[in-house]
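Think of it as A, B, C and D in the order they're written, each chain with its own count starting at 1.
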Amino acid sequence: MMSMPVFLLYQYGEDCLKVGLFGFGRTGRVVADEIIHDPDCTLAWVVRKSGQDNHAYASDFLGVPNGKQGFFYSAEETASPEFYLKNPVDVIIDFSCKTGLYEYTAAADYGIRIVSAISHYDKKELLHLKGMAQKTAVLHSANITLGINFLLVASQILQQIVPNADIEVIEEHFREKRETSGSALKIAEKLGLDPVKHINSIRVGGIVGKHEVVFGLKNQTIRIAHDVISRGAFGAGALFAARSLLHKDNGFYTMEEIMREAFIQKIAVNNILA
Amino acid sequence: MMSMPVFLLYQYGEDCLKVGLFGFGRTGRVVADEIIHDPDCTLAWVVRKSGQDNHAYASDFLGVPNGKQGFFYSAEETASPEFYLKNPVDVIIDFSCKTGLYEYTAAADYGIRIVSAISHYDKKELLHLKGMAQKTAVLHSANITLGINFLLVASQILQQIVPNADIEVIEEHFREKRETSGSALKIAEKLGLDPVKHINSIRVGGIVGKHEVVFGLKNQTIRIAHDVISRGAFGAGALFAARSLLHKDNGFYTMEEIMREAFIQKIAVNNILA
Amino acid sequence: MMSMPVFLLYQYGEDCLKVGLFGFGRTGRVVADEIIHDPDCTLAWVVRKSGQDNHAYASDFLGVPNGKQGFFYSAEETASPEFYLKNPVDVIIDFSCKTGLYEYTAAADYGIRIVSAISHYDKKELLHLKGMAQKTAVLHSANITLGINFLLVASQILQQIVPNADIEVIEEHFREKRETSGSALKIAEKLGLDPVKHINSIRVGGIVGKHEVVFGLKNQTIRIAHDVISRGAFGAGALFAARSLLHKDNGFYTMEEIMREAFIQKIAVNNILA
Amino acid sequence: MMSMPVFLLYQYGEDCLKVGLFGFGRTGRVVADEIIHDPDCTLAWVVRKSGQDNHAYASDFLGVPNGKQGFFYSAEETASPEFYLKNPVDVIIDFSCKTGLYEYTAAADYGIRIVSAISHYDKKELLHLKGMAQKTAVLHSANITLGINFLLVASQILQQIVPNADIEVIEEHFREKRETSGSALKIAEKLGLDPVKHINSIRVGGIVGKHEVVFGLKNQTIRIAHDVISRGAFGAGALFAARSLLHKDNGFYTMEEIMREAFIQKIAVNNILA
């Protein structure tokens, strides 16, 4: 681990965020596309479960001309610690699957930040991830979009300001989504609402994903709503999380915490300006 | 009944719709206010259950200066057939209660149109009302607003145009309203939707009444929504119904039928203009 | 033209709608995808301006396994009348460009229906298209989605039912769309609204396309809204138009007329059921 | 002013907020009604410009049985300092007119808090009010609803979190409101938006008041919306402001500052709970 300080100098010395991506499925692809098109980011490499197109470029796959970004590596190649010395990145973003994290355990030793957007971990994997958080800054959130996390934090604040308001959550998704939205469940939990009574699930057509929190008072109604247009929204959230982790201490974070910190920091700025 | 032809000549010979109102509760009052302020209507009299303020004017009660509209009569006074000869109106609008119709049974004999906006009738009363419909044109609808009935008709048309669309109904009302909205149930019934699965009831704060029908297709969503600002919306609907009944044959009508007819008539006009 | 009757027998004798597509740009592709995935349609062939991938299959290009649909032909190949004898289709759907129609002039002679979704034609091209409409049924609409045309027809009906309502149009699109939405302009024109005063254009982020018509009355508000999730909505509209044209006489039609007819036909059905 | 400490002990020693109200017009009345119905408030007295119903009770006027709240005084009676010694209150809420403040100048000497919801002050009156703020805590906001101020603060935070978002303001009001909403102008000013380009004003029917701030990103849209159901919303805001002023130092405050402080305070609470 002698190399770490040098590596960190490299990390913070450049403006451009260097990203390694795990997962290249339906969401992984649009996230890769987001990263490639972000002028302040480079997609260094992509690890694909299938091993398909190994040693080709994700940017070519996605039809980005002259991209040369996102070199495909197999999971076998990333398992060895040397991989991260030879292919250093600032952050690993994980949109693979719940066991994907075993492939990049070694990355934590080099202080590479981890952003995991896996929907659900079993206890064992969560413990493993928290173990990695002792060596680097790790963030895990099932819904990593900025919008949902803004809803989450703003709603909790509003609930405390108007404690007598009635609150309902409406979530709308495509017809095939059978279960209740995990984000809606999280919102309900944080607001202390019985999810069976207060989450209203609309399942129609091809709606990508919409969440709305309705605060009803006697004489006024306040609504905070988030509409996903495309899954690229997950990429924007993951990059926001990644940048926030750069200067953080080792530890385990959630997107909600990052958002709450952003609130505190931005209110302070407003205060000075006001 | 020798007087009938003369009476009818009177009815149709004037532009101004002459209304008798039964019921002066929370809704009755705002309906009275709507009628008084409509330049094409006159509120001839109001029958109040309580008998309160008998022989005073509703317009004074409502603070309308120089109104002299809506003379209060007691239910006893209206029970006798002579009442309608002495105090002729074009239409009776009923916002009283489910037994209110017994007070104006005699009115049907004079061809006075009946618009009843009572939420729910028992079988016996419904039969009585249908009996009256053999002598005059009678309309009954639990929700008589133009908006809800537009939703009802437009939704049924749209459902047939896009039969593969998923449909959900969202209804929002004030926290104290415990039961599912009757209008939402009617919409669900007409669209063949299981109300338990497809009606989403939001109960928050003081929302007066909102209904939204969501049609979801793979690539697009269509929404038809109706928001009540004040209970005066019931008055506007009742007057629309009243005017539609003027030239109708004796019989029993619903607001949905009147709205459907309006659709057919208005499409035809558009066709010529197009 | 001796072959026409035989050809027509073929056309109507099969359940499956056989489509020829002109244009394979951003919208053309998603429309092709819609047609290929519709179990009641076949995409017989696609004419691509670029001539790229000639004699390959659009279904392969779009990654549909075992599709063998949408054989690519060059514009030169379709110009000769024999092309349509050898490659008969029920309908041509045109998402190419404003001069694309010259490539398929011959198709009209065989009674092949034409659905054109070109945004804007110059006078010369519009005349040419109307000339073709003397030989077959031709439909042209700049916005061919079901949703927009439902808004258009439903709004005109509602305006006549509540002539005193104030009406505003809100249209929301991605930031790069500089001009006012053509569909919003059409809605304003049909409702007799000054577009400068009554169209409200929101330009933010990546919103695909939303239109809302707001009807405001004193005591209630009615909103009809249409949200495009993806450009596939144009494909669904084009197929609806195509099916409607099958049994129509020669002539020039618009999507609004087809929608108006659907309203009339569906109301009648409701009437029987009621 | 020897009595002040005693007076203050009284103020803070009781749970119930004692209010004096200036103004009993359209808004003043619903605000009075709100205060009377709030179990933690008492409406001590009301000053009416007209002097009408002097020495009667506002609660009787509003039809609240056994209320005996809101004794009507004339402006002449409140002008003398003794009035506030004899009729002490914790806070004066002003919904009268821009010169109303001259009637209660003396109240500031007794440390009575001032909440003014006057839409617009001329320079002279604003200076006078700020002069009073040297002797007590004074709050002035043109729009004092909780909802608008939540929008204002939450929008400024969100703008800093997603600085690349496009932002538009939509405001909907009744047809007679000709000018742009003052609250929308305030939101635009705080967000640095050109009001001509980015405020969209909808004027239809009887909409009481709705404001929506739309944040558009490439892949998602976030909306914060506030709907007024009745003018009672101003009462709730004024009472929130009044309670916040109780323990504040002398000085001049705005509702936005109070809301910003509530955000900071409530985030801190969340942090502990998290």
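Here, a residue touches a chain if its C-beta (ideal position, glycine included) is under 8 Å from a C-beta of that chain, and two chains touch if they have at least 3 such contacts.
Quantities reported herein were computed from a predicted structural model and do not represent experimental measurements.
> If you average the CA coordinates per chain, which chain's centre is most distant from that of chain A?
B
> Which chain pair shares more contacting C-beta pairs: A-B, or B-C?
Comparing A-B with B-C, the pair joined by more C-beta contacts is B-C.
> Can you give the whole-Å distance between the Cα centres of chain B and chain C?
A distance of 40 Å separates the two centres.
> Chain A to chain B: how many Å between their CA centres?
Measuring from centre to centre gives 53 Å for this pair.
> Spell out, as numbers or ranges, the residues of chain C touching 2 or more other chains.
In chain C, the residues touching two or more other chains are 205-207, 217-221, 229-230.
> Over in the complex, which chain A residues touch chain D? Could you list them?
34, 145-147, 150-151, 153-154, 156-158, 160-162, 217-233, 235-236, 256-257, 259-260, 262-264, 266-267, 269-271, 274
> Can you list the residues on chain D that touch chain B in the complex?
Those in contact with chain B are residues 205-208, 229-230.
> Which part of chain C faces chain D closely enough to touch in the complex?
165-168, 170, 172, 174-175, 200-207, 214-221
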